[in-house]
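Presented sequentially are two complexes of subunit A, the first with subunit B as partner and the second with subunit C.
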Partner chain A sequence: MKELDPNEIYRWLIFLPSLLILPALVLGLLRKTKARLQNRIGAPLFQLLFDLKKLSGKGETLSDAISWIFRSTAALNLSMLLLLSLVCPWLVFKPALGTSDLFYVMYVFAAIRFFTLLAALDSASPFAAFGASREATLSILVEPALMLSFAALAVNAKSSELSRVFEFAANSGVEASAIWAFAGMGILLSSLVELSRMPIDDPTTHLELTMVHEAMILEASGRTLALLEYGQALRMTILFGLVTQCFMHVFPAVIALSLGLKVLLSFLGILFIAISLGIFEVLSVKLRWRRNPDFIAYALTMGLLASLIAVGKGLLS
Partner chain B sequence: MSSIDSISCLTIALSFWLIQALVSIFAGRKCSNKLSSAFFLFPSLLLCLSAISGWNKDLLVSAPRFFQFGQEVLTMHLDKLSAVYLLLLGLVSTALSFFSPVYMKHLSDRVNSGHFWSALALFMIAMTMLLLSANAVAFLVFWELMSLSSLALVASEHKQRRVQQAGIIYLGATRIATAFLMAGFLAMHAFSHSWVFSDWGQSAFPIWPSFLILIGLCIKAGIWPFHIWLPYAHPAAPSPVSALMSGVMIKIALYAVIRILVSQNLASELLGHVALALGLVSSLWGVLFALVQQDLKKLLAYSSVENLGLILMAIGLAIVAKAQGLPEISLLALSAAILHSFNHGIFKSLLFLSAGAVDCTVHSRDMQQLGGLARKMPLTMAAFLTGAFAISALPPLGGFIGKWMLYQGLLRTAWESSSLAERALGLTSVGTLALVGALALASFAKAFGISFLGNARSKAVAEHASETANGMIFAQIFLSLCALVSGLFAAPAAMQAASVASRALQFNTRTPALAVISLLDQTLYALLLFALIYGVYLAASKRKTYITWECGFGSLSPRCQSSPISFAQPMARIFSLILRFKLLVEITGKDRRNFPEHIKVEPQMVSLLESRVYLPTISWIQNLSRAFAKLQAGSIHLYLLYVCATLVILVLVGTRL
Partner chain C sequence: MNLDLIELVSIAAALSAILMAGSTHLSMNIALYSLQTFLLSLATYSLAGLRAESHFIWVALAIVVLKALGIPLFLHWIMVKIGVNSDPGTTLAPPLAMHCCVLLMGLSYFLAQSLPSSSLEGHSWANATAAISLLLSGLILMLTRRIALSQIIGFLVIENGIYLFALTQTSGMPLVVEMGVLLDVLVGVMISGLLVFRIQRSFEHIDVTQLTELRD
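Up next is the complex of A and B:
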């Protein structure tokens, strides 16, 4: 048994509570911002936690068409998300666990999607199946954008190990900052699609305009729904965390950041993105389904720009 | 074990198959399936054994002079590269010997079992010997045996028109492939004066013979644009045959690319680029067509096009990287090709067997008729799920590691290569591979979700479906376990693949340095978390069962569920440039807009290459032949005129020269 590093204990002490609080806070802030801008008081900030408690107490109503796939998907996906939360460098000062290879992370996200699609088809509900079909469509469009953004970062760091990619390099040049900015933008836009938020999908309406993620989990109830809700909030937090890290890496070209500042910024950044997304969701409208590829094209353009700079970087200097 | 062992194992296995081929053909319909499969199992196990015992050897054995092709003695060469493929062949054929008897019983009124087993044994002999051939003449002989025996197997149900058509298309493809290959080999012989592959590496060649060989092998491997025979041959063939053809045979064609072109240094950088491009196009093309298929086996066939594309891409990258002096990338890419060949062979056979089990039980492969099999056939469902999970390259199963290595290779060109174009190509390929991966995931989520989950879409499934016989189940579980093991122990497997690749690339290092991620610990963590969440939290909830929510319209008919076409339609629309996919809607009735009496919706898929390239070419050739046929008028006067004219021309030419 190797000796425990006190730093490691601090990491876990900060990390574990934030795993529970941060997703609730992100979702709460987003909803609160929307409510306030629409002149509503809105639900409390930690409504997600109350919802989870309520759902945990409820019984489940299961469809008679389902198999074990549906019953285990929620738990399986949440366990994969928790694994990702340990593996992805979405917070500074986070305990690390094993490999965080870029392609591995991408394919674990894909595995989560795979099971979500299957669970949707398992319930024999046409509505859920349409959600699954749309989710698959969005994923094929957004996957190249997300992959290119991350790959550009990997090329910049000359490694596909994300924990190394997201390390703060001592003297990064202007090109590096540009790569980080474009890639961050690409990941942000892609994560809006991945999370089926506005302008791709409106998760707050019922049936009329909500077509992707909420449609897929229509048959879930009780504790299964609780796991899915928390999982979605956690996925959102991890993705926003990665975006925040990207934007934080733009700074070292201008000013040096101390560790305390980095930790603070990585938390505040996530919350900032949540609030800005709330404002954006109030101001924008949901796109028509057929216009979605146009929106995703922006994400892809960001990824391509980041890649272009990354590819040329070593050659010019 | 001594080195003799693996060769004697092989000899025994081959003679067993030879005996089986001879006996079965005379037994005809009386041939017992159970007895044949027991007889088939033994050499299959021997094949696995010889591959394992011959792993670290490099054996070059000449057969007695009795086995001679022209002036060339039959020489067998067993090294690590062929051992990998022998092991794959052995594993798949072991699974087949459990699967086939039950499956053949289901076909007993349509297929002559004696012919089937005889052709299968010949097919096995051909593939085994192809892997071992060390010279071009033996290679061609067994190549032909492989083509013809597999043709006989594809055409097992030869009384059906659909099968006849598939057989003709497959036959045409194999003829063209052999023609290219033969031309390439003849050219090689003309330049090097030897039929032995290892001599070819020592002489200088112009560039074109290697291209002829590449094209010949690509036709067999089903690489774009030569892939059109796959979606015809696989649905027509019995499932065990599809498993063997898609799992092993087409991979042997790419094995030959490694064996002949890569390891003899015959591949130029240009060839590498062409292979890379062909691979990229066929992976995208294959998966796009897989997405819109409605027939389970056609979907699997197109997915083979995709995966073979990935393998060819990896081989191409290996060639390019080697030519540019980037040995590490080259090693990564070739290991990816070898590892992915093996893994894909395992799980694609598994998928074909599961599809066969479904076909056998409900007599349909049309996804529109399936659904709800999860509760009726739980083990088949688990096997298909394993296959679908693996082929979507999701960690921790076997499909992931090969793709990971290919990704790594491409990504590293983006900073290690010295030319901007090469770097950009690497990174663009990473993006395209991501697209291919997402499409593959969508197609297999569709294939599995529509066929196995939800409610039964037809009466046959709802009433008659039940778990298949033990033999079929066992074969599927066996291959599922293989896929699981090869995935969980990906790191040591990758190391072995790297040592194979390093020899094939003629690098001197015996133990190449290759950092491979290990998935074992993280898989365990995830499973532990899952057990915890499920056991403590989810399992404790109170449950009641009710119908699927139907908006209060009254219960849903199973046909309301998403169909395979409607699931893929939004994606097909986006790629409408390649996928000529149309929904023909026909509304009839008096006031047909508002009060339709009949609404008919029919999906229509036109294959771009076939309708725009192949059919016009074929009709052009037919017209040309028709014009030439007029020469043969059947009149003796005319023929005398031809003889006379020829004589005059010959005399004229002879005197002038």
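Up next is the complex of A and C:
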């Protein structure tokens, strides 16, 4: 057996607990911010963990119409998300695990969405099918924006390998910072669509008819629901972590960051995004469905700008 | 290759023009125009120090007072008076117009490359790119908008682009000419504002696509 580096053990020791605590904290902070701004006390910060405990003790009610697709989707999605959490560079101190490709990561995200859609259709509930159709529309619209943002990062690093792209030494100068900033904005705006958060969809309305993600998981209960809820929180944390990493790469043009500061920043950045999203969700209203492409257009603009600068940088150097 | 303050400011101005093309809210457009003009006056001010031309400071001050505050407030007043607050856009939807502007910014980069080089302070490809991009974004704004007020805003963005080009690519105009241009723009906006009122009164809308219909 290969000798383990003590540094690597520390990384695992911080990484594994944060895999459980960080999603709960992100969702809790978001909900707490919203509650406090609406003059409510709000649920405790770690409500997600209590919910998971409660749900996993409950029995499951399953429709007669479902097949193995619905039963296996929650577990399948969660395992794909755990895989992503290992290969995606969403935290600075994440243990190094071989190599992975940007586009591989993007399409694992797409596969998660695909199986959620399939499970929603499989549950034979009309509301879930509505949600699935909306999610499919949104995913078509948002894919170019995500793709362009990631492609700009890949061109900037001259490699699509994630560990090379997110290397801190690899970038310098104003153009690289601009690419990181625009790509970060693009990924942030697309992740709001991807997670069906506020300007696209209100996850706290009581009318499932109008919702996207919540409509799709209507039929889930018990352990399946627990897995899906935790999966959604983990997906949110990973996406916010990616955005945080993008914005952290803007800094090296101004000041050099030490490793300890980077670790601290990658935590604080995720929590900061959660809190500001909470504030934004209180202040803004849900867009009318037909206005959604207008919002997604801004994500695409950020992606276009990032890739334009990346191409210009490649032409000049 | 690093960008200095003037280049950053002018590129930020060009970006604000791109965002203007994507927004259908007139108040948002006016606010972004005000921000953009303020950025241009900042560029003028910092160029005054670099080229040791003290009259640029007065030009910057006049731009802030007249173009960054006066004209936006006037346009906002007209907007409230007429009661129109958003522009649905014509053939090209605003989001697509925004993407067109981004691509035109890439085109203006190539146009800026073919300009003759000079050792003048502030004469750089980044400033030229920003200026041409502002001009083209203003053109897109004028072409894709339906409301007469948006046409005025598009014209003002074009004017900003021309101003930025003249500021950075030439050795600058004398104070009298600058002031004359500013006054012209101010009077132009005033007159077109009054025209918008007239159009509103006689047609009961300010949709420029329907102005070709003849009425008694």
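Just so it is clear, the second predicted complex is superposed on the first by the 310 of 317 C-alpha atoms of A that agree within 3 Å, B and C clash if a C-alpha of one lies under 4 Å from a C-alpha of the other, contacts with A are read in each partner's own complex, and residues count from 1 in each chain.
Convention: a contact is a pair of C-beta atoms (placed from the backbone, for glycine too) under 8 Å apart; a residue touches a chain by one contact, two chains touch by 3 or more.
Here the structure is a predicted model, which is why all the values come from computation and not from measurement.
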Legend entry - First (subunit B), second (subunit C), both or neither touched by A:312: both
Inset, instruction - Determine, under the contact definition given at the top, whether A:173 touches first (subunit B), second (subunit C), both, or neither. - result: second
Inset, instruction - Using the superposition described at the top, determine whether subunit B or subunit C touches more residues of subunit A. - result: B
Inset, instruction - Please work out whether A:294 is in contact with subunit B alone, subunit C alone, both, or neither, and reply first, second, both or neither. - result: second
Inset, instruction - Have a look at where A:224 lands relative to subunit B and subunit C in the superposition and call it first, second, both or neither. - result: first
Inset, instruction - Using the superposition on chain A described above, determine whether A:251 touches subunit B (first), subunit C (second), both, or neither. - result: neither
Inset, instruction - Using the touch definition from the top, say if A:137 reaches subunit B (first), subunit C (second), both or neither. - result: first
Legend entry - Common interface residues of subunit A - those touching subunit B in one complex and subunit C in the other: 293, 308, 311-312
Inset, instruction - Would you tell me which residues of subunit C are touching subunit A in their complex? - result: 1-3, 8, 15, 18-19, 22, 24, 94-96, 98-99, 102-103, 105-106, 109
Inset, instruction - Can you check the complex and tell me which residues of subunit A touch subunit C? - result: 173-175, 293-294, 296-298, 300-301, 304-305, 308, 311-312, 316
Inset, instruction - Could you please specify the touching residues of subunit B with respect to subunit A in the complex? - result: 371-372, 374-375, 378, 381, 385, 389, 392-395, 400, 403-404, 407-408, 411, 414-415, 418, 420, 423-424, 427-428, 430-435, 437-439, 441-442, 445-446, 448-450, 453-455, 517-519, 521-522, 525-527, 529-530, 532-534, 537-538, 540-551, 556, 558, 560-562, 566-571, 574
Inset, instruction - Provide the residue numbers of subunit A that touch subunit B in the complex, in ascending order. - result: 56, 59-65, 67-69, 71-72, 74-76, 78-80, 82-83, 87, 97-99, 101, 103-104, 106-108, 110-111, 113-114, 117-118, 120-127, 129-130, 132-134, 136-137, 139-141, 143-144, 146-148, 151-152, 154-155, 158, 160, 218-219, 222-224, 227, 289, 293, 303, 307-308, 310-312, 314-315
